[in-house]
Amino acid sequence: MNLETIKSEIEANVPGCRLEIVPNNSPSGQHSLLIDSETALTVARFLRDAAHLRFDYCSNVTGIDWPGKEISEKVKIKKILDGVEQEVEEIQKTQSAGHLEAVYHLYSMEKKHGPVILRMRTEDRADRIHLPSLTPIWRSAEFQEREIFDLYGIVFDGHPDLRRILMWDGFEDHPMRRDYVEPDDYEYEPTPHDAVLQKAKQHLSETGGR
Amino acid sequence: MSSLTSYLLLSSLLFSIGLAGALTRRSAILVLIGIELMLNAANLNFIAFWRYGPDPAALTGTMFAIFSISVAAAEAAVGLGIILAVYRHSKTTDLDQMNSMKG
Amino acid sequence: MTNSPYLPVVVLLLAAIAFTVSPLVLAWLWAKKFSPHKPGPSKNAIYECGLESAGDAWVQFKPGYYLYAIVFLVFDVEAVFLLPFAVAFTGLTAAESIAMLVFLLLLVEGLVWAYQKKVLVWT
Amino acid sequence: MTIPFLILAAPTIAGIAAAMYLRNLVHCILALTLGFAGLAALYLQLDAQFVGFTQILVYVGAVAILAVFAIMMTRSAGPMAQPVFSSSWIKGGCVAGAVFAVLAWAIYRSATSLKMLPPQPEVAVRQIGDALMHRFVLPLEIMGLLLTAALIGAVLIAMQEKPEMQ
Amino acid sequence: MDEKLKVELGKQGIFTTTLQELYNWGRRNSLWPLNFGLACCAIEMIATTMARYDLARFGAEVFRPSPRQADLMIVAGTITKKMAPQVVRLYNQMAEPKYVISMGACAISGGPFKQGYNVLKGIDRYIPVDVHIPGCPPRPEALIDAFITLQKQIDEQQLTGVGRPRHLDPDAPSEFIVPQFGPHDLEPPQNPDVWRPPLVNISLAGKNESGND
Amino acid sequence: MSATTAATAHFTPKPSTDGGEGQLLEVSMGPQHPSTHGVFRMDVALDGERVVKLKPVFGYLHRNHEKIAETETYLGSMPYTDRLDYLCSITNNWAYALAVEKLAGIQVPERAEYLRVITGELTRLQNHTSVIGFLLQDMGASGTPLMYAFREREKVLDLFESLTGSRMMCNYMRFGGCRADMPAGWLQQAQKVVEAFPRFLDEFERLLSGNEILMARTQGVGVLSKELAVDAGITGPMLRGSGVNYDIRKVDKYGIYERFSFKVPLGEHGDVYDRYMVRLLEMRESVKILQQAMRDVPPGPIMDAKTKLRGFRPKAGEAYGRIESPKGELGFYLISDGSPNPYRYRVRPPSLVNLTVLEDMCLGQNVADIVVILGSIDFILGEVDR
Amino acid sequence: MTPETIDRIFIIWKHWLLSYAPAGVQPLFSALLSVVPVLAVFPLLFAITTVLERKGLGRIQNRYGPNRVGPYGFFQPIADGVKSLTKEDVVPRTADQAVHFLAPLLLVAAAFLAYAVLPVGRNMVVANLNAGVLFFFAVGSLVELAVFMAGWSSRNKYSLLGAMRAIAQMISYEVPLVLASVVVIMAAGSLSTVTIVNMQASYTGIWPHWFVFTPWGFVGFVLFMIAATAEANRSPFDLPEGESEIVAGYYIEYSGFKFALFFLGEYLGMFATSGMAITLFLGGWAAPFSFLTWVPSYFWFFAKLLVLIAGFIWVRGTLPRLRMDQLMNFAWKFMLPMTLLNIFVAGTWHFMAAGSVRWLVCAVLIFAPSVLLALGLEKGKKKIAARTYRFAE
Amino acid sequence: MLGEGIVKGLAETARNFLGSYVSKDRLTTVQYPEERLPQIEAARNFPFLVYDGEDWQQGMRCVSCLICEKECPPKCISIEKSKDKKLDASGKPQFYPTVFNIDVSVCMSCQICVEVCPFDAIKMDVDFELSTKDRFGDLLWNKERLSKSNEYYREIHPTEAAAVDAQLAEERAKLEAKSKLAAEAKAAAAATVPAQPAVGATAEK
């Protein structure tokens, strides 16, 4: 089952969808399909229901945090230099907003093939972190999407029961995000080194040795 | 005071307590229990009269008491059943409230 | 009344109560002398699998339980009649026994009715 | 009045009075069982062994349980917020008091005419059984009918009208 | 029981001494654990009660599910912050005398998971622990060893006097703060009455020198 | 088609909660409860003894496995996988090793593959016996089946200990092979255990399978339909108990499973009894696989010589590797950014996904059935909450 | 000493002791002398049984069981007792304190009362009541109340569920329990336990005349024992304390010695019903063979009791627990009809001439419907049966 | 027939009950403090440091390379490297740990430190009777507590230890050969290497 053909089939059947193949350079060769959130449900339903695809089993659903980073790019800009328009290479630094990603691994129990990997991306990490829930298509995503909501903070629209699943209800952070800062519950460390040492030092400096 | 008299007095006391309960309690269940108590008072009378009566060997009092107990048990079953049925409609076992609901 | 056949029963009852109360008294004395009671808000709260108990346990139960109690009561009463009959049975004729059979069958009829109405279904 | 009588009568009356006047219905039932047990003991004292045990079996073992079930099923287990007695409790109390007065007066008046304790009768359960199967055979059958009717009736009333499901 | 203890007991009078011996003997031989497992160690705890190791030999197979009837809480596994209030509450609800065996690395210190944001770094932050048994998970024999250690501890306890155990002291607490769920962490993050982090001067040396030599 | 209609379509309709009669008794079963297998919790509402609401509550054993793994090296995460599903550490190792091997394109030597199959199937044996023991324990059989199950489990654990050094946390596999080769005499010992195993299964079946009480307690209880099972992503014996033929050992043919002849038992009714029986039958199949593997195990190295465990840095990319663990599909999803630590490390836990249908199976059942259904799901909290 | 003297030794002692009492208090003293052994022996038996049960279960489960406390672990119950006695008594704040306190007392007292009519040996009974069997059942019904009190007063959800289950279960099995014993009363013509045992204490050749050796007696015995198991809350009918669902059932909130009292009460109840089964069906204190009559009668009673207890332990070690609805179904749809039928069979037996025809007719009368009923129970709504499985590939 | 399965089950438990009196298979209990299971050779619990010879400080194999500290997944090892060098058992100057702590209350017995140690200096111990009341005092093991002799290692893991010894001997032989070569190459200065203590002798045991 070639991802290219699947992509073109989806494009033929789901009008208006924007798909993109995200290549995977590792030896596993598991490339994935980036879908847009507007047509995600339709695409997913097509993948599940199309008679020769029948991806009826959604195995793994997970979130990934891609924090914003400084991207340095060499850009060629036209500049008027010495009165002459020239192309000059300049290093331009931009702060990307970063995004959160939800990944779905699909298999077919009926046809016994797979996986097809779907990805959805939020637009940034703070405000527009909504994604459509695929739980209406695959029930197996129910708890896993809740977990992503809990740990990453992606809000899945259309999820039947979106609550925190692993942390308690009053918890406010999303601990699996890469910029999560743990609460300072200093533990006497008989063997402090590396990161633990840093933490202990920080605690001691903040609390004045307590 | 003879023994019989004391039993009769006890039974009349029981009867009155039962009656008072049946008349004054708000809870329908306890009203029913009050009635049961009155029946029990009667049973005590049966037994006492049988025991002190002229012919204890005839067993009439005992038999009466047994039948009476059985009837009372049946009555309790039906009575409590009725209370349950009423409760299902009016959601209360409070007689005052039942009355006020009736209008 | 000292020769009453119930005297041993009464003595047994009293002794049994004494038997049960005495260790409790002993335990109370022990607690008084050595190991003090230490009640506390969380210790003396209702146990519910480690969580704080929410809501009252004294709620209204299903009437379904009551139906069993009715059937039980009726058969309990039946036993009351059955026992004297059983005692007298050796002296009875077959015809007289039929009377009890009829009595039993009447109750069995009630039971069968209850089966058919599916009253005796525990949910 | 003998001492044993008083020993038995006191808890009986206490139990039954408590049953009528306690606030918590479950406590009422428990007090009631004490009263019933006391009554049973009184029966025993009156040489009615079978009736006494029957009293325990039926009243303590069955009726009290039935009442407890009824309480559990009508959510009146906890202590109630409303007053215990109905609005017409004064009337009821007066009536009960009057009844007791009349009865006591009547008993007291007629007391003298009664004999003292006759010799102890020989009541084996066997005699009860014989009586039941001979003299009282008709009441027995009627009893059977009554019990069956009570069973069916009580079940019908207590059973919720099941909507014909499925 | 060693000689010193015997002498000391002698001072308390023979009655108290025998009573104390009886008391300790009874408690020691009838330790009913709370039916309570948290994680991996719970499986080894179960294995300990099974045929091969048979904790029942010590009279301890009566795993009571209700804390009221249990004497011993075997904290077998990782205590997460989400679970900690429940553990403390269960401990509180146990009737005195009560003992705690902290089984395995996670229960002692958070173990391999101590870096986690949801893992409590040792149950002794909230409740007093009688025996620690390291291991990940400790073998069933190790748990039995911990059990015997606890029995020895109980044996040495005095009925009266200053050295008496906590549950016999009218002033010692019998229940401890149940932590609440906060927005970022448990509140309080530890119970200062039970446990304070020992202070180390790490800011200077960089590493702790509890060394050797 | 709107999302909401689809959503309601495949969620089972919930029974109304007002009940009409009787008040609901809101009980919290767990986190400390004799039969929630650890610190699982269910918020249950009971109408009499019938369950009208059941909400599973997770997270009481959320140990941040994934977060920790993102700070560990690839090798350092291996012992942590032991503690996921702590009944079957070896299959966890296997799944993780498989994922890393996919990520980095590592070949596994022949002998190591055989060792993996042998230890993996032994793990399946001990998991299934324990699970059935626990199920019976939940059913109230005063410990006897559990004791017998653990009696056998101990034999397998002895094998594990003499092979890997630890009873439970084996930490046995490495990407590129296995950590330790069989010590002398191990294979014979293992063969003895495996040969004796069917006798134990027979004993177990005599004790239980025909037992009327067990049948009455389990047949028709907790029925899981084929459609729902597939939809909810159920895997493992639970799925096959519902009659869906999906065994990753057959589908993916990972490792060397295609060399062995074994069958996949399938249930028909999808109830607790089917799940129980499927596990029993699966054990018999595992014994067959073991016998074949032990017969054929070749000599040779057990580690891929090219793989460097320390300082292992796979190329940037991602991989998802999955195996048929005793509980179902256990998958690891790894993203590498070229550093020594995985950028994203994700466990696809069969236990968590299998619990999706708990509510559907339990609603309307008796409260006593909940624990039986729960026991038949076979979940381990370490894996559910990670 | 002749065997007769050994058999009567307790009675001789009692009379000897009685002779020292002043005449006025002799009845009271006599009653005390017969009560004290009951209060001494049966709690002791309870202690022994707990050890035996734990050790027996251990053996069933391939292990030793308690074996360290005292010789062979036999001091285990003493340690448990000392522990319970010194354990703190926790009563929940919201519980109904008075009822919470009274429940275990009532339970144990009621359990003890039942021993009043059990003849543990020849002429060894506390009170030979005319309506002894009825007394036994009447007192037994008090237990239900005690259990309810315990469960309700704790105000715990699990305990309340347990209490409701316990009452439902006990009332459902009380009817079969009483009706199963009716057959014996029909044959013996008396409600007095002493008379019933005396009737069985004769022999044909070496074989005793126990009621269990008749079709109705055997069926009655089996039914009685099943009902007794349920009354005593023993596995597989231990739903009121069904650990796996409702944690510890109705005594969940009890600690310290009150909890121990519940255990005591339960075991005493088990002994009492077993003792009643022995009295009714197994010849009470009568020796199993005529040539063994020289063995003291009380020995036989306790020997039979221990055999029955061993049976309880064995069953507990084997069977899983039933579900509540199955339990109730079993009571009302199998036990009750069977006991009623058994009464009918016993009547038929009485009116038929002795001989093999009578055996055949009665056996058929009782066994055929039992099979039918069992089948009906098995089928029920859904078919319960062994299954075959298909395999893929 | 109803009850058939139950009877079968009862028979099974009865067989086990009776069997427990005759067969070890049906009475599997090992009465732990007195009886013990045979020590399994590969068993592991917590790490220890191997030293050669008699003196643990002198013979410590650890050269404080810090690899195990870095690789330890739960980060329970803490090492401080010495500033100076000390002669090791083979008389070679090496760095040594001034502090070597293992917090066994954190250790997960994963054996990775053993695997990554290039000097065979850290091995897994089998001792498990470590229960204690003192969390910090008894469960934080320092260098002294951790040091165990090579003899002990041979005792608990004979096969493994033999392999290690052989490998070490081979390495040493190579080294010796090399140094000999170097020494010879250095020509006639003729300072013979002092005889190696202990190790070689004990290896023959």
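Lettered A, B, C, D, E, F, G and H in written order, each chain numbered from 1.
As a working rule, contacts are C-beta pairs under 8 Å (C-beta built on N, C-alpha and C of every residue); 3 or more make two chains touch, one makes a residue touch a chain.
Note that the structure is a prediction, hence the values are computed from the model and not measured.
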item	value
Shared chain contacts [chain E and chain G, defined touch]	C, F, H
Fewest touching-chain hops separating chain B from chain F	2
Longest centre-to-centre distance from chain B, chain (CA-based)	H
Intercentroid distance (Cα basis), chain G paired with chain F, Å	44
Whole-Å gap between the CA centroids of chain A and chain B	75
Between chain G and chain A, distance of the C-alpha-averaged centres to the nearest whole Å	66
Chain B and chain E, separation of their C-alpha mean positions in angstrom	58
In chain D, residues with contacts to at least two other chains	2, 50, 54, 57-58, 61-63, 65-66, 69-70, 72-75, 77, 123-126, 128, 132, 143, 147, 150-151, 154-155, 158, 160
Residues of chain H engaged with two or more neighbouring chains	2-3, 6, 9, 12-13, 16, 28-29, 31, 73, 75, 78, 101, 103, 106, 108-109, 136, 140
Numbers and ranges of chain A residues touching at least 2 other chains	166-168, 175, 188, 190-193, 195-196
Interfacial residue positions of chain C with respect to chain E in the complex	34-36, 38, 40-43, 45, 47, 49-52
Residues of chain F defined as touching chain C within the complex	19, 21-33, 41, 47-50, 366
In the complex, chain E residues that touch chain A	82, 109-110, 114-115, 117-118, 121-122, 181-186, 189-190, 197-200, 202-203, 206-208, 210
Residues on chain C engaged by chain B in the complex (per definition of touch)	63, 66, 69-70, 73-74, 76-77, 80-81
Residue ranges of chain H in contact with chain F within the complex	2-6, 8-9, 11-13, 16, 28, 40-44, 67, 71-73, 108-112, 115-116, 124, 159
